[in-house]
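Several structures are given next for inspection.
Both of the next two complexes hold subunit A, though its partner changes from subunit B to subunit C.
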Partner chain A sequence: MDHSKQIQDIASKLFAENKIDYFVGYRQNAIDDSQVPYLISDPAEIPRLVFTDRSVFNLANYLKPEHTRRKRVGLVVKGCDSRALNLMLTESQVKRENVYIIGICCEGVLNEKGEKAQNCIECVMPDAVVYDEMIGTPTGKREYIVNADIKELATIALEKRADYFEDIFSNCIRCNACRHSCPLCYCAKCCIDQETSTLYHGANTSSGAMHALMTWSLHLAGRCVDCRNCEKACPSHLPLHLLHKQNESVIYENFQQHLAGMEKDDRGAFYKYSLSDPDDFIL
Partner chain B sequence: MSVFIVETDKAGLQKFYEEIIGKFETYAPVEKFDKYDYKKVSNLSECNPDSPIETTMSLKPLFFPKTAKIMKFQEDSSGTTLSETDEDPLAGSRVILGVKHCDARGLQVLDQVYNWDYIDTDYQKRRINTVIVSTRCDKAGNQCFCTSLDYDVENSDAHDVRIVNGLDGKIYIQGVTEKGEKLIKSSSIQQPASDGAKDELSKHYKAFDASFRLKMNYTEVNAKLQKLFDSPEFETVSSNCISCNTCAFICPTCHCFKISDEKIKDTGVRYKSYDSCNNGYFTLMAGGHNPRPVKYRRWRQRSLHKFVYYKERFGMNLCVGCGHCAISCPVNISIFDVVNQVSKIMQ
Partner chain C sequence: METEVKEAQGKIISAENPDIVAPADWQPVIMGILCNWCSYAGSDLTGTSRIQYPPNIRIIRVPCSSRVDPWFIIKSLQTTADGVLISGCHPGDCHYISGNYFARRRFLVTKKLLNFVGYHENRVQFSWVSAAEGPKFAKVVAKVTEDIKKLGPLHRYKKENF
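Take a look at the complex of A and B:
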């Protein structure tokens, strides 16, 4: 999968027609195979834009107010990224007319070891769901898979499950890279940063990390699109997807096979209250 | 500096490590989730003191913990009562194995600020009671640039004990400080090094220095950055920063902290934990004004504090060239690139 040329052409066209103020893509990292998000406002930098199976980072993250400051932007999105972008549009975080979306029909990206990333193996929608221009051949929606690690999580007895997570979260350093790398964590002031609050204190205790990460995962329940930006950003390499995929599988099962961000104006499972919603999975 | 050197081989070094682990409370790089971090060990098989991979977290948390209780408080009708925490910073002495040059230098840099106007007694206690044993740094990592900075890596006195590879499988164990010399003397490795040891060590250093991909002209970068407070380049280099705090939390020398309370009913604990100048709220004042509300101002502060302000005040560069931040950054920003790009000295 190498769409660098097409992306460069589109970016040149957009700058030439004055449709965008800046463009967000990827460029090659100087020292290894990995790629870095690349924000350009000068057309002279277009030749550095690339897109291959190393284009991992979810660029929808750069639509948050601190990056865009309300300018018109051209953006490259893969399937999962476009779902996040769809939710940002639905939740009025981004104005549709301010983004020019280049959708990719993604063939899966690679992880650090050069293997296909786990979320790409489990991917339900590799094609961009919202776009102005599409690159590649759409392959359509795939079957939803619950991976072995989530099934295994369900077999751990409830009272032991807390210990299991406590053990994982004891490695958390509370840097909040997970939150900052998540396109859907756009709150101007996050509840876990309320430093005057004694409920969400900022200390680095394992109970503090547990509290913060559990709250975070619940705020993303029914919204997480499984791009795994958080997990890739985590300096402690915590398996954060366990929280999100567990929520996702419960929601998929109980709320009419709901998957976040797949359709335009779909506000998510928790916004559509119905008396017939099941509640037997709630502890 | 002490020149006490003993000579051994790989098996001898393993024995040296085993003896230390048997006798002292020992910390060493331990693997978890595909990465290394310093953890308490009771057996050599649990850890890898010779790991060529950098630990993700620096040595800092063992001296300036991620979270420390600073006091307890209780409220009742008569007011608030404060009390000391029951936490002892460090009961006995301890040894840390597998420490790289940069990490050890990081502590020397931190000493400056901790010995400044306020003496942090907990930090001092941890520092005095710890013996730091180096790893065999043979080859520079992708993001390392320690030899380009303002300290002498070859004759560094940041470690208490240095372990260096010689020729033909020989390994030299050098006591750099009194503490280190005492540690070596208490072990069973006692064969004094041969006369050629010094030459071998300097040859080893030359090969080590040559393995660096990143080299910078520190004096020039420092001199130029002093005049570049208003450089528009800060905006370019920070454009893809996502303002997370990873770089500061894992940095061996970043020492900013925040205070927070955990309170249940009328009793609570006050904690001190890491904070970062890359955090948007870091400079938010009570009245609502924020002098560094945008990314490039925060990056300017970070770069200039590392390469200019600290050097002016304490005579040491705050960045030690370990590359931890570049390795862990979610978007691969490297402070090396940032300062070189801003000062327009491209390599």
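Take a look at the complex of A and C:
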């Protein structure tokens, strides 16, 4: 999967026609074969744009900052990124006329070890769902697979699972990189900062991290698109996808097979309800 | 909350951590978050009808069960509470028409996620109690208290100063 040439052509065309102020893509990292997001405003920098199976990050996140918010931006989105962008459009965070979306029919990206990433193996929608221009041949929606880690953890005894998660939470340093890297966490004031004792309890305690990460994942439940930008940003390499995939699997199973960001004007599973929702857990 | 190490004399063992054992006369603290229009009035009726129910529950009144953010539950469990009971109007009876339908979805996901990270599923319970169901409220509180007594003291992720 190498779409570098096509993306460069489209970017130069957009700049020539004065359709965009900025273009967000990927460029090669100087020190190894990984790639980093690349925001350009000068057409002279277009030859550095690339897109291969190393283009892992979710570029919809770059529509959050103030300097791109009210500007016309062209950007490259894979299947999962386009679902996040779709939600941002629905939630009025981005104006549709301000973005020029280059959708990719993704064949899966690689993780740090050079293997196909887990979220790409379990991907439900590899093609961009919202786009102005499509690159590649669409393969359509795939069947939902319950995450392998979730299935494995569900079989472990409660005490062992609690120990496992306490270990994960105690490694969190509360840098909030997960929150900043998430395209759907755009609130100016975040509710997990409301805790007055955050400074004291926040750093390196499992209780502070548990409070923050659990609340964060529950606020993203029904909206998380499994792009795993949070996991790539985490300096402690925490398996943050476990919390999100657990919520996603419960929502898929119980709430009419809901998947976030697949349709236009779908605000997420918690913004609607059905009279037939399960309530056998309620006394 | 008095907890002792396993070597000491004790009978109630924590469900999440078998090393934590409480004395046999240990009493749990339960956070009750009740909706203003049904369950709070229901609990009021229980009191005015002179129906006995366990005094372990500490009640907070909220406008609607959908006012309950998941982090209310998490924070309760991290501070003093050993269990949480959230109660609202029956489906179809919500004062705000559909609040409890939204809440129901959130509660299911919250309950499953808390269980996933290592809380026993009976730590957080939900009920529908209407303003006329005084006896039902007493029964629900008795059941929840009994369940949480069996589970023992909650030890994980507790904050010492808050």
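The rule is simple: the second predicted complex is superposed on the first by the 256 of 283 C-alpha atoms of A that agree within 3 Å, B and C clash if a C-alpha of one lies under 4 Å from a C-alpha of the other, contacts with A are read in each partner's own complex, and residues count from 1 in each chain.
Following the convention adopted for this analysis, a residue touches a chain if its C-beta (ideal position, glycine included) is under 8 Å from a C-beta of that chain, and two chains touch if they have at least 3 such contacts.
This structure is a prediction, so every number in the text was calculated from the model and none was measured.
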Partner chain(s) touched by A:Asp193 [first = subunit B, second = subunit C, both, neither]: first
First (subunit B), second (subunit C), both or neither touched by A:Ala177: first
Partner chain(s) touched by A:Asn29 [first = subunit B, second = subunit C, both, neither]: first
First, second, both or neither for A:Tyr62, with subunit B first and subunit C second: first
First (subunit B), second (subunit C), both or neither touched by A:Pro235: first
Common interface positions of subunit A, toward subunit B and toward subunit C: 195, 201, 208
Contact set on subunit A toward subunit C in their complex: 150, 153-154, 158-159, 161-166, 169, 191-192, 195, 197, 200-201, 206-208, 210-211, 214-215, 217-219, 221-222, 242-243, 246-247, 250-251, 254-255, 269-270, 273-275, 277-279, 281-283
Touching residues (chain side subunit B, partner subunit A) in the complex: 32-35, 37, 56-57, 66-67, 142-143, 213, 239-240, 242-246, 248-250, 258, 260-263, 268, 271, 273-276, 280-281, 294-295, 328, 330-333, 337
Touch list for subunit C against partner subunit A, complex: 15-18, 69-71, 74-75, 78, 91, 98, 101-102, 104-120, 125-128, 140, 143-144, 156-159, 161-162
Residues of subunit A touching subunit B in the complex: 29-32, 34, 36-39, 57, 61-62, 66-67, 171, 173-177, 179-181, 189, 193, 195, 198, 201-205, 208, 229, 232-233, 235-239
